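Look for subunit A in each of the two complexes below; its partner is subunit B in the first and subunit C in the second.
== the complex of A and B ==
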């Protein structure tokens, strides 16, 4: 250890109480920043996960123009080619074929327009949460017998229709063949969904039943695909793009969740912006804390610094010493902060804590499950630590300059 | 560096571009599409519109018709036969489907502003909810809303004479006055504007173009096969082409039309809707 380092280390602990307070502030700030970011990362990942598992997965494959028109007109040819192509992609966790269209749903003198989605129950369970969201009755049967037409309704839609399990409801729409499509369906279950719009507008039937109802033959409207991990949605899309290159791909379009749900992306951006502004304020306050500590340390040592300068220490060495003090102060704080923040976060990582009361309601408005989750991404502690290091470097600039520019004679005379 | 084109090649270049790009489906404004001659003085657009409406409608009208729907999806056109009764002052109408067999007996009852539907095979009467209004009616390019919409082409619109179409430029096949119908602000109209071609000689409509609020042409409706009924010149073939759905079209062929027809007002009830006749 050279003389500057030793001097600096001693100087840091010359006033242990002041240093401890300053270190405590740094620790507090770092822990708060890391926790806030991991909470935001956790909730954003959860938001995306919840949203994609209540809609069309991370990436949806549909007929060209489908997202614009949302009608049966644009379709995915379901003759095994698309299926085989998807199976070739590595980052696919699960996929589910769907036939979606709009139809009138009616019981007694009540009627509503609803999205009617035909699903393969087993495949759908791997992609979305519709199957596990059944709060009453059951989901549609995996193997509907001939002439069996079962339907699961969103809870609010069932309420509005006054439909109970066992009731026969009428579905009326227009088939792909442009014939009228209408049949009576037996209500076998209702789904409680976190998104009220979905609860009012969702009707689920079996894929084969929908295919027959809409006279859709060997077509489907979309394939919902889930990436093997949330962060892999973009990679999945790129992979699918290469898998679908060629004549088949020309008939199809790929959309990722960011394109399908621009509102969600914006919500996350706004949420992030608010958080980072708060954190920036906190870090700036900590920066002033460090500035204060170092400046005080310099001012009360003016005489001493004068002596050192008079003995021939170069101003640049003094500058370095003050900087080292500041770095040590921040370093101790950051080390302790990381020790405090990381182990519990590593343990909390991915765990979900249910929220209650108003907070729960507020999150449900956004279609999220009311839970609190933490997600520790390596970039979070790295980014947080570096930010505080930079702030400490900036904070030390003024005291270090002041110390190194002191004139030995003036300094000796002071105090 | 781009070589400067001689002045007189510019129109040729524009024309070549036009050939390359083809006619664009959207037009920025209505007028740009029309090369009309000025109409003679003293022609009143409102009067033309009134004449056209009176030519087409009466207080009580009975129609029997065949609707043909064509679509790239279909190898054979879908044909829907129906007959309808309308009482226009009371804003009531009843439509009964006769064919195809699957829909035989299906009834639609409009009691402004509601639309009821009766499906005989499942014996259900359904009020068509607002959220279903923009859905296709019987698989055609008309929507349920087209059935229910109760707007008067006279009272709900401002009329402006755009000019005179000699009927030689392909828009229509007879000389016509061209009138723009602009909906009043409080009118329940989904269109941004309608441009109508009204026969100079008979006053009957020959063609109507429907524009959305951005001025984009959405549908073209053509009237043809005119027959004289009393003082009226009634088109017996109405062909509609939705411009946002390539290859689709719906035409209605009127097989019988009776103006000032004699029927009771009590046919417009949900109870009568359930009768299968």
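== the complex of A and C ==
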């Protein structure tokens, strides 16, 4: 250990109470920053996961122009070629074919417009949560017999129609040929969904039944594809693009969840912005605390610094010493902070806690499940620690300059 | 006397006090400003909802809440309502509406929508629909409809395109009718742009076989804060069989959002103030240490323990309050500088999916000052606890002997 380091370390512990308070402030800030970021990361990941598993997956394949019009006119030819191409891509976790359109759903004298999605139940269970969200009755049967037309309704839609399990409801829509299509369906179940808009507006039937109803033959509107995680969506998209290159690809378009739900991405962005501003305020306040501690430590040692300078220590060494003090102060706080924050977070990682009260209701506006989740990504503690180190460096600048510029004679004379 | 001593002690080491004051005021100013922007976003969400058709108060027939269907209708006709509504001075404007569900189809596609029958002139006063016409014109001629631009593009409809609305009428029969597109709305509201089709009230009444009946009356009042009072007045002056509800009752989620904002504000202030408390405690502790001799002297000449403690607490309170005042002032200046809003539409133009406007305008209520004031006062007392105890417990003889 050289002389500066030894001096600095001893100086830090010269007034243990003062050091303890500064360290406590640093610990508090670091723990709060790491926890806030992991909470935000958790809730954002959950928002994306919830959203893609209630819509069209991470990447959707559809006919060219479908995302714009959302009508049956743009279709994916379902003759095995698309299926074979998707199977070739390695980063696909699951995929499910769909026929999506609209229909007027009515029971007795009540009717409601609704999105109608025709699904392959087994495949759909791998991609979206519709199957597991059935709260009453069951999902539509995997192998509907001839003439069997089953339907599962969003809970609020069923409530509005006054429909119960076993009721026969009328679907009234427009087929691919633009002729009117209407047919009776049996309600076999309802789904409780975290998004109230979807609960009011979702009707699910079997893919084959939808194909028959809309006279869609060997066409579907989209294939919803799930990647291993939201982070891999871009990679999945690139891979699918290469798989679909060629004449088949010209008829199709690929969209990832960021394109399909720009509002969600921006909501996360704005939420992050708000949180980082708050954390920045907190870190600045702690930075001033460090500045004050170091400054006080320098001012009360003016005479001593004068002696050191008079004995021949170079101003730059003094500057380094003050900087080392500040780094040690921050370092001790950061080490304790990491020790306090990381073990519980590693344990909480991925766990979900139900929210209560107003907060639970408020999350509904954004179509989220009212749960609190923590997610610890390595970049979080690294980023948080580095930020506080930078703030401590900045905070030490003024005291360090002040110390190194002290004139030995003046310093000795003062006090 | 105590106050003067505390005040002078504060300025004994001006640099130290200045650093603490800067920390407090920057922290508070940041909190005030970011809270104001948050509140502005939420007020914007509420305003958007109210202006896109929610209004301040809606009157429905009993049972609408459970079952918003055609059969739950107001049959009084326009005249008795009109006189009751016009007799209340706080009712600024009102408009009758018919609400139903249906399917709108072009030659290319069909989409499920909400169909709204409106009195074109009266509707102009209660929602932004009429003023948000981007192409064509608002309703006027019979057998015309107005729809949002997103819906129009999905249907590939333009001005003059013929669209067919199919729906169930009051009797439960399927009915349909063709209308020409008169105008296209662009309003940065998901409902107006993508979910609603407007018809003239008379056209909607004849399509749904409703006679003179309507689904609701929407009211805009003079003052959003006093809707509860106006609601009571209305309920007592209207015939039984109708229910009068405020926007808060109609969209409880918006209210929950504001309430959860309040709890978030408290947490945020608490976090920043705890961080400050460490700093304030540190400075006070230093100040007490370097005055050990002086405090011993004061105790020796007869100053009571309580007064010594009070002096330290007073010092802490003074620092906190000055910092709080500066911080709030700075924050308000920030709010004033940003009064025209921060335009984030270039990188976040799709937030209207969530009813958030793309210009963030800070907004403040007097009661938003309660949290920082209360927590600030608490911080002052808490952070002076240790230093004050230390000063108060010092024995005069020991204290004098030191240094």
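The definition used in the following text is that the second predicted complex is superposed on the first by the 415 of 415 C-alpha atoms of A that agree within 3 Å, B and C clash if a C-alpha of one lies under 4 Å from a C-alpha of the other, contacts with A are read in each partner's own complex, and residues count from 1 in each chain.
In this section, contacts are C-beta pairs under 8 Å (C-beta built on N, C-alpha and C of every residue); 3 or more make two chains touch, one makes a residue touch a chain.
The structure presented is a predicted model; accordingly, all values stated were derived computationally and were not measured.
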Simultaneous placement of subunit C and subunit B on subunit A, clash or fit: clash
Which superposed partner A:102 touches (first subunit B, second subunit C, both, neither): both
Touching partner for A:409 - first (subunit B), second (subunit C), both, neither: neither
Subunit B versus subunit C as contact partner of A:73, first or second or both or neither: both
Subunit B or subunit C, by number of subunit A residues touched: C
Touching partner for A:184 - first (subunit B), second (subunit C), both, neither: first
First, second, both or neither for A:284, with subunit B first and subunit C second: second
From 19-27, 199-207 or 307-315, the subunit C stretch with C-alpha clashes against subunit B: 199-207
Intersection of subunit A interface sets (partners subunit B, subunit C): 73, 102, 104, 106, 109, 111-113, 172-174, 178, 180
Contact set on subunit C toward subunit A in their complex: 13, 15-16, 19-20, 22-24, 26-27, 30-31, 34, 37-38, 67-71, 101-103, 105, 107-114, 153-154, 156, 166-168, 170-172, 174, 252-254, 256-257, 259-260, 263, 268, 271-272, 274-276, 278-279, 281-283, 285-286, 290, 344, 347-356
Residues of subunit A touching subunit C in the complex: 17-18, 21-22, 24-25, 28-29, 32, 68-73, 101-104, 106, 108-115, 160, 162, 172-174, 178, 180, 201, 261-264, 266-267, 269-270, 274, 277-278, 280-282, 284-286, 288-289, 291-293, 295-296, 299-300, 358-359, 361-362, 364-366
Subunit A partner contacts - residues on subunit B that touch it in the complex: 69, 71, 73-74, 78, 100, 102-103, 106, 117, 119, 121-122, 124-132, 135-136, 138-140, 245
In the complex, subunit A residues that touch subunit B: 73, 102, 104, 106, 109, 111-113, 170, 172-180, 182-184
